[in-house]
């Protein structure tokens, strides 16, 4: 009897596994094709077979040596810009969130509400005046022009605030009795405890900015200041016929995303569940 | 936490220093000027050549360095417009005068052009309207090109035929093509050799055909699209007949079923090399790719088949001088360079279209019969002479604004080829409406344009009256370069010199 | 009002902490927002107002908004945006399915022996399938695909849920320009793998399809068409039953029924068969009459007005799309013999290059990315929040898995679904820019994939009508606002329930 249920259970698990594998396999098939295509010669691209005759590993090196495709530079720029945005976002958001969640002051909740309301505004509405602003400040085609507009996020503030609300207030009082200033309270008490939210916001913000295409597209004009998304666009439009090299570039450009996801999967999942409940 | 935070900050600041340090524009001691163009690898060679040319011409700093550094700015075309109007465009921009001049961002280079030899006399007559607005020059071409039929002589000989005549009408073209297809596919179960590749996405072929009957896409003043007319309908019907009835060209379905190996130049080029197409619709630029191929093709070229009035479409990539340039004194030498021998020779040698300055093309053996490529025959001479004698720029109206000029005509052709409209007239009417609606919107949004538009509409009314009365039309009334040339050649123009 | 010194102190400290964020926020969000709002009422145009031109800015009142609804482009692009949103029900259903799969009991009773059995069987299955493939004389290609699946299976067998979760989530977290470019290549009509896979299948179907007589095809088509009726009637029945039982509120009932009725009315323009027009309309009328009858009769259990909103939109939306699919399928089926009868037989679509296939192509890609998206994680969180006692009680009643889903899981997840839905709609309204830019050559063919967001970009940055573009973006904002209000009104009630 027990043997039978065990076998039954085994069969059910097996079916489940096969279904899961079929779905997961289908979802990764495009990536499989991409990897194999990136290892082909150009002549093999149009063939039915996905497999290269000889693996052309040098394709990956060739991407870095193409004229007009400053792949390495773009890679660096993307990470550089995304890192700065993330840093500023986490810093300013956590400061504001600290104030909104743990300090008592008149009008606090009203301002927070106003702030929150802007989260639902489409970014497109602001893009044209923002661009005019950038011209006024002389920031077109500069890195600060790319970094600053994304560095102050209402969403980040919201996410951090929700988390900070859940940290017990009694800690603050204990710290105040010890004579800590508000700054010390923020820096030494709340921030270390808010670590999961900081990590979540870091991941979100980095991923979002690493992939962002619209703003760099209108802001940047020098080839050496491109970020990867618009660089890939230029690659595709100027030398996109070289499908094998293009696919190698695509494969390389998603590596940071994969690294982040694999290492921070747990926090990210937690963060989505935390931040997702509202907005 | 604190340490981590400060650590990250230090790393980021260091990264910022590194990033600024390694920026190329910071390395230069001479002024940097920007050329906004595509990121074609050839641009880099041209830029290096420009720097050498500067030295040779004596445009140098006291220590013998070139007096400026030219940088390629290869941003997308769409942001180039917004950057230009915002004061941050490149110093020289590859752009259409018709879209950029109305914004007031182009520098008038008429006088400079006369002085430094990149003016009207230093380029083709056909292309001149594309460089000017209201008689003032704003641009100079980087190169230009003409698409005509290019053939593979070996393929023709294989089927016991000789090269077709250089100049043919539609009946001759069809007769020749039917014969070619018959011989090439004799005894085959399924047709696999075609006279020409698919033309379902090439509106310029029917456009030239309609021009061959004296009709253009816009009217004489470019104020209205006039696509739905008998000449255009006939042209559309002709190209569909080539595909569906005569099987000179493969249908979309047949294209997909032809075995397709990837590679440069796409399917058409590889199939042409393989002898599956008798003719392809190319210009000189295609030689850049063909010369890389190991197969040496014996080329010939012929004019597109059309009615009485011979014409070809010349397309130029032209640079405007940016009004917001910080270095107009420097960048003018770049235009001088474009019209000078060194650059023109490099275009001739590299087969990157035709050189912008016809002076260096006319009777130049290096162009007419390049010694290194005897297999290329007279295609070079043909292209140059046709551009010079029959060239007209594509239909472009200053009142139509959009990312691409042939969007709707392409759309009409696509609908017609895929049986999504009852007949050619229906497809053309829709395209005509879309063009006219767009013109109305553009004009309505811009009071400055409205004035010019009203004036042109009034001129159009008078032109129509004159035409109806059979009178000669004053040349100054006509804005459409095609009609200007056509009426001139037909003696319908009242020219005041 | 009397504010004590301490209050002031607190205010200063509080404000000091938000200052860095608020300043940036004011500079880069709030101020531009205000400017954009005023711009929408002016004739701001790059051709008139730019760094080189200073025409006076004119207030034009609501002109821009009025013009908007008269412009064919705007209406077409609004239609595109809404069309691309019909993928939302599928995406939500897909992510729910994925979450349910991942939520299945993996480890319970996960003794070594079970896993041993599983692993052994896995290896057996893989081995058998590879052998069969060899036996069928299959190419390296099918072995490759089989081994991809086998590899996933083995990895999943060892790593369990987290491996599958990563793989499911893969398309979503790598999404961006890179994946769009990848899909562009996948869709390539000449040498993309998708058409390589589809074409052989179509080649098999062709002889069968062409042997079908038109009469038979028409008959089969009409049977498929009639299925629409079945789907709709079932939807009506379910909806009315749920309303009577107090499972859904009256508002949800009406929204659901309107969605269900749409396919019935669209046969007028989509179906060539006369009878269907009248029968479908009759069914729609009868359905609504019954609805009113049921409404008047009253119900057994009361429910708040807006109960079951998610159900209305997701499920009935899904039924609506299925209804459309049946109508479309019937049309295709009727034309099948004719299409297969051509020389080349059935051809795979040209996807992004085809006016009619471009949007479906984007929908398929969207579905691929939506299965394992953030929505899936939200559903996983929701699933873990469902009290186990409910399921245990259902098990005692002997409920089938199907009943367990409909009676427990689906209602319990209602608020998660609602939230996901609202977010997807907001995202859908604003979406499409990156795809238009990377995949379809600026929203082509002929504007088939231009969405509102791309329209705003091209009007603002390409055509230069900034005032108009602002008006479009505020119209878009109004739509988002309505959806958000809807969310507030009904979503909050939900969470409290």
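For clarity, chains are labelled A, B and C in written order, and residue numbers in each chain start from 1.
In the analysis below, contacts are C-beta pairs under 8 Å (C-beta built on N, C-alpha and C of every residue); 3 or more make two chains touch, one makes a residue touch a chain.
Since this is a predicted model, take the numbers as computed values, not measurements.
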| item | value |
| --- | --- |
| Between the pairs A-C and B-C, the one where more C-beta pairs touch | A-C |
| Most widely separated chain from chain A, with each centre as the mean of CA atoms | B |
| Centre distance in Å when chain B and chain C are each reduced to the mean of their C-alpha atoms | 41 |
| Cα-centroid distance, chain A relative to chain C, in whole angstrom | 22 |
| Of all residues in chain B, the ones touching two or more other chains | 79, 82, 86-87, 260-262, 266 |
| Of all residues in chain C, the ones touching two or more other chains | 51, 190-191, 457, 460-461 |
| Sites on chain A at which at least two other chains make contact | 45-47, 132, 135, 217-218, 230, 233, 243 |
| In the complex, chain A residues that touch chain C | 6-7, 9-10, 13-14, 16-25, 27-34, 37, 45-51, 91-93, 95-96, 98-100, 103-108, 111, 115, 118, 120-130, 132-133, 135, 148-149, 151-152, 154, 157, 182, 186, 207, 210-211, 213-214, 217-218, 228-230, 232-233, 236, 240, 243, 246-247, 250, 253-254, 257-258, 261-262, 265, 269, 272-273, 276-278 |
| Parts of chain C lying in touch with chain A, wherever the complex brings them together | 3, 7, 10-11, 13-18, 20-25, 27-33, 35-36, 39, 51, 98, 101-102, 104, 106, 109, 111, 113-114, 117-118, 121-122, 125, 139-141, 144-145, 148-149, 152-153, 156-157, 162, 164-171, 173-179, 181-186, 190-191, 193, 196, 368, 371-372, 374, 377-378, 380-381, 419, 426, 429-430, 433-434, 437-438, 453, 456-457, 460-461, 466, 469-470, 473-474, 476-477, 480-481, 484 |
| Footprint of chain A on chain B - complex, ascending | 1-2, 8-9, 12, 15-16, 19, 23-25, 34, 36, 38-41, 43-44, 71-76, 79, 82-83, 86-88, 90, 260-266 |
| In the complex, chain A residues that touch chain B | 42-47, 66-69, 76-77, 80, 83-84, 87, 131-132, 135, 140-141, 143, 187-188, 191-192, 195, 217-218, 220-225, 230, 233-234, 237-238, 241, 243 |
| Footprint of chain C on chain B - complex, ascending | 78-79, 81-82, 85-87, 102-105, 190, 251-257, 260-262, 266-267, 323-324, 401-404, 407-408, 410-411, 414-415, 418, 420, 434, 437, 441-442, 444-449 |
